[in-house]
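Look for subunit A in each of the two complexes below; its partner is subunit B in the first and subunit C in the second.
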Partner chain A sequence: MVNCVTAHSLEEALVLRKNHELIPYVGGTDLMIHADEKSKYLFLHKVPEMKQIVEDDDYIRFGASCTFTEIIEHSLSPKILKDACSQIGAPTIRNVGSIGGNIGNGSPKADSALICMVTDSKLRLANSAGERIIPIKDFYLGHKKLDLLPDELIVEILMPKNGLDNYYHKKVGARNALAISRVSFAGIMDIKENKVKNCATAYGAVSDVIIRVNSIDNMLIGKTIEEAKELKDAYLKAFDQAIVPIKGRVGIEYRKDVCMNLLRDFLEINGI
Partner chain B sequence: MKPISKSIPKRDHLTKANGSAMYVCDYPTEDVLFGKLLRSGVPKANILNVKLPGLPEGYHYIDKNDVPGTNQVAIVLKDTPVFAESTVEHIGDPIGMIVGPNEHEVNRLLNETKIEYKELEPVFDVKKSDVVFFDYNYEKGDIEKAFIEADKIFEEEFETGLQEHMYLETNGLIADYSNGKIHIHGSIQCPYFVHDAVVHAMGIKHEDVSVAQDTMGGGFGGKEDHPSVMACQAAVAAYKLKKSVRIIYDRKEDVEATSKRHPSFCHYKVAVKDNHITGMQINVLYDAGAYTTLSPVVLQRGIIGACGIYNVPNLKVHGQARKTNTVPSGAFRGFGAPQTFFAVEMMMTHIAKDLGIDPVEFKLKHVSKQGELTSTSGKFHEPVPIPSMIDRVIKASDYYKKKEKYEKSTRLKSTHTKRYRRGIGLSAVYHGGGFTGNGERDLIKAVVKLKKDPIGNVEILTAITDMGQGINTVFAKIVSQELNLPIDRIIINYPDTSKVPNSGPTVASRSVMIVGELLRKAAAKLKEDWIDGREQIIEEHYKHPEFLIPFDLSTFYGDAYPSYSWAVNAVEVEIDTYTGCIDVIGAWGSFDVGTPIDENIVIGQMEGGFLQSIGYGMMEKMTAVNGRIRNNTFSDYIIPTAVDVPNMHVMLHVEDYSHGPYGAKGAGELPHVGGAPAVIDAIQNALGVTLNKTPFLAEDVMDVLRRQKSNG
Partner chain C sequence: MANEIKFILNGQEQVYDGNLAARLLDVLREKFNLTGTKSGCKEGECGACSVIIDGKLMNSCLIAMGRVDGSTILTIEGYSETERFLALSDAYESVSAVQCGFCTPGMILASESILSSNPHPSEEEVRIGISGNLCRCTGYNSIVKAIGIAAEKGSGLW
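On to the complex of A and B.
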């Protein structure tokens, strides 16, 4: 019984995706936990267009089939992404698991997706008819619900090139390796000449999707540090209301406290 | 170290590394039927009807009506049914089994089978259970007088949770049928337990059953009683269908349906006079789950250890194991001791703290000495090396300096402005080697054989199983040393009850100490009687050491164990107050298992057990919601990885046992006794509170911090 097919080019992958009911598959580290013999898989680990890490004027472009190890070892990868990827699973998982799979899995606990969210990365989605580029935030519609057509593939992740150096990242797992995030937090603070050029925060493993509320983070953007300090209480209060953990294995109160503690620390470290 | 302690490669390394080792799931499945159990989906009910789908040809349903002998699994008692009679007592209780040639088809048929129940009120809270399976009492001295004369009386209750073994290989076995005989082989910790259980359930002759161990991927006690249940079920099906039947669990079924460590509540009432403990009154309550299985012996060991390593002149201990409608609790490395040792170690630190005495000094003041009475008025016949072991661990861990520094910092930082807090904790414990009381003499009566072939190779014949712990290597070393033969002349295979004598189960840290000594004696005899070119068989039978004070189980009086292994553990933690995460930044252990027969193997055992015990303390949480276990995968049930304890320092202290081979005593369980109290002590010191439960996780840390914050 043939239940898998390997694509060797993007074009081939998209045609296969269009004509058959196939589950996109790179490393299988999530899929094979609940392997279903009736499912058919489309292997994407040999699609050259999806294995590249390149840059253009504005973005670093990660092929969706790039493994976490490839991302960690690549000179173009921003440190914040390397940081998050290096805390995924264990070496064996990082050697085959992919960023596209991590995003496409739809889990709010996905560690690399958290970084794509906080950096306001974009996704290049394609089908045989064409392609579209959407902000990753719009990709997540709800619990395991994605803005992805049945014949579409995640081809690339477009991560902004600049402004990611001053970051904060904390993954809270139940142990130091092979851990699924119980709470995760990432923040970016770009301060130029005493002014907040960009402030972004994202909260994983808390709600149905990774939480990213630009409107609250925008409160601090364009402000001086002194102005931001004055807004701090209002900012924290807004997130206190925005972060509403859903019921899970880990207590609601716990995850909320951790998010707020890390957010406060993120501000304090940046002098706010 | 003696020359025998020098490590050699383990006998199973090569086959396990190159993949040629045959685990039970590696056997070819042609002509083997797959058996999958129909299990109760409710915690307590009368079974009204089992509605089967149409069974295709070659597929069968097996249940209680097919049991040819007695529908009982003989463990200690016989209350566990092979298949449910008319009621089910826990979620996962086996009702029947679907058997057939295609595994997927068997699964489909199982999913389409409907069970009609009349549900009954289950009991999940052991404190509310009124079914007392076992009730034991013992005392020494005059506890009432101690309380009357006390300056101060301390009372506290301790709670410990479930713990799952998480051996890499799940439970599994195959029953073969041929000419009225049943042969069972698989992942089996105690082949003779399985043998006896199958004989009882099948009602066939002892010689018509044989049980063999395959290569195993771990046991930790989790394959002590459950294989008996599975073997009876597989045997019933194989006997009826005259075919081989294989039952191998997936992880979910293994976690949900097999035994775990008994959850416990231990209540301590302690009399102190002139800063010295004069009496303890201890109530121990173990949650046995739905059937009695191994609970009596687990409880016995628990209550015997209830006052720890301390000399308590006036002692009154009451222990109960009660029924709840959850999966039966069973054997797990430590066997009842980790619960009470956790409680008493925490109790000692809390009393010391209240009295303003350093807890280590306080413990040292109370440690039993050679010649003093044990809890059961037996005797510590040999030296108690705890003081020098504590000394060594304190030096290695820099305990006092760290303790002072961290305590000062915890006090100063009561306003909680600093993110990370550190603490260091210490525990001191023992583990008694061998069966409790007269078990070795009256119940086990171990026998071993050595068989020399005409060429001069010597085969070791015992029922002891190597589950990865290294006993085959160790036995070979003992016999090789005693005979002065090269190690490759010693043959040892996984046991088959048709070939090996009953040397007892592979439990209770008894393999080296009891069976190893029998082998040493047999080898000494063989050496004396050695005749070149001839086949020779030497048999050796267990003899109870004469120095022991006879143990009376009805009064818990006498020597509960012939020898004691000792451990001192220190653990250092760093707590992230923003996330509650507990990081173990140092772990030190001094272990006395007598002479190590193989240093690497013993160190491996100590490291693994210590880590497992630390996991028990701060990581491994298993919750049952309405009797259903939720954590049934490796991603849900968190056990520590090597990355979680990067700095583990194991030291061996050697205090030889006069009746063990080359001075060796029990080793396997010892390291799982003291890790949890050491890590919880470290956490309570870091947080500046007193703690009384395990496991204690990040969420619990945050609860403490929240309380501290709201209290200002």
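On to the complex of A and C.
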């Protein structure tokens, strides 16, 4: 009896996914921690569409099976994403683990998913009937709950090309390497001619899903630095209410304090 | 849907028709008797099971056999027949960078991985390169020193 299959094209992968109960296997660094020889894997590392990093007019498109090392070494990858991927695990993990797996795993601690959230990236999902492109924020429905049909695969991650240069990223872990985020924060502040063109923040490892509240960040968009300063208290208060940590290895108060400290630091560095 | 895969292991082509969900680590140790690849944590934390697959350092505990179809795998047994290994072995010996020895096969392959992509690494680059390989004896300084010595004395090998 066949328990595992390797797909060589996206079409083949989607037919296999539809007709068999298989676990999509890209990097495997999360799956294999609980290795079970009875597992039925659909190996996706030979699907060309999922291996490439290309650009179009608006997006850099990362194939779901691209490893963190491939992303770090690729000239098209935005610096914010390289920065976050460089802090994942260690070389042994980065050489194998994939961005698609990091997102599909559904963990709020996923370090590359944090960057996809703060950049309002989109996911290209496909099944044998067709495909759909959704904002990554809509993909996460709750703790390990994903908007992914049983016959669908994450094919690509579409990250906006522009406006990501002025970023702030901090991963708070218990050690430098092989660390799981205790709190992670990413912020983007795009300022043109003294006006906030874009402000985006995301908070990882805090709640069931990575927190991204566009409506609060929008308070500062379109404002001058002076106007943003006047709104700062209201903005911080809104996030203070919106960030509701859950208890994990570290306490709720600690997580909340770190989030708010990093948010303040992010504003201050940008003159707000 | 043939369940047979092929790969190059330490320079020799191998055909494998076993379970594709099995860990590479277990297959290396149990089927091929390559016990130089150590079984430590089995969750990608310790690096004792490190091997080089298609030129990249990986934890063999986190690789399912189906993933290595068509790959080239180098374990410490294959590597120990190279001139580069001798340069690293001499350097490790010269500064007592081996104590209990459990991390050493993985650490040597991590050293190879660093030097093959960067023949003259800085101390910082060496420390990042071995950051997935834990050693509970040496405190790392002697290992970092050994890799620096190998880079210098083995200049031209990498």
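Here, the second predicted complex is superposed on the first by the 270 of 272 C-alpha atoms of A that agree within 3 Å, B and C clash if a C-alpha of one lies under 4 Å from a C-alpha of the other, contacts with A are read in each partner's own complex, and residues count from 1 in each chain.
Operating definition for what follows: a contact is a pair of C-beta atoms (placed from the backbone, for glycine too) under 8 Å apart; a residue touches a chain by one contact, two chains touch by 3 or more.
All figures in this text were calculated on a predicted structure; none of them were measured in a lab.
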Inset, instruction - Please work out whether A:6 is in contact with subunit B alone, subunit C alone, both, or neither, and reply first, second, both or neither. - result: second
Legend entry - subunit B versus subunit C as contact partner of A:254, first or second or both or neither: first
Inset, instruction - Applying the touch criterion given at the start, work out whether A:178 contacts subunit B, subunit C, both or neither, answering first, second, both or neither. - result: both
Inset, instruction - Scan A:221 for contacts with subunit B and subunit C and give back first, second, both or neither. - result: neither
Inset, instruction - Give one of first, second, both or neither to describe whether A:69 is in contact with subunit B, with subunit C, with both, or with none. - result: second
Inset, instruction - On the superposed three-chain arrangement, identify whether subunit B or subunit C touches more subunit A residues. - result: C
Inset, instruction - Could you tell me if A:170 is touching subunit B, subunit C, both of them or neither one (first, second, both, neither)? - result: first
Inset, instruction - Could you look at A:238 and tell me whether it touches subunit B, subunit C, both or neither (first, second, both, neither)? - result: neither
Inset, instruction - Once the structures are superposed on A, label A:15 by its partner contacts, choosing first (subunit B), second (subunit C), both or neither. - result: neither
Legend entry - Intersection of subunit A interface sets (partners subunit B, subunit C): 37, 90, 176-178
Legend entry - subunit A to subunit B touching residues, read off their complex: 37, 90, 170, 172, 174-180, 182-183, 249-251, 253-254, 257-258, 261-262, 265
Legend entry - subunit A residues touching subunit C - in the complex, by the definition given at the top: 2-6, 25, 28-29, 31-33, 35-41, 43, 45-46, 69, 89-93, 95-96, 176-178
Legend entry - Partner subunit A, residues of subunit B touching it in the complex: 104, 419, 577-581, 583, 619, 630, 634-636, 638, 640-644, 697-699, 702, 706
Legend entry - Of all residues in subunit C, those that touch subunit A in their complex: 1, 3, 19-23, 42-45, 47, 50, 56-59, 61-64, 66-67, 69, 110, 113, 128-129, 131-133
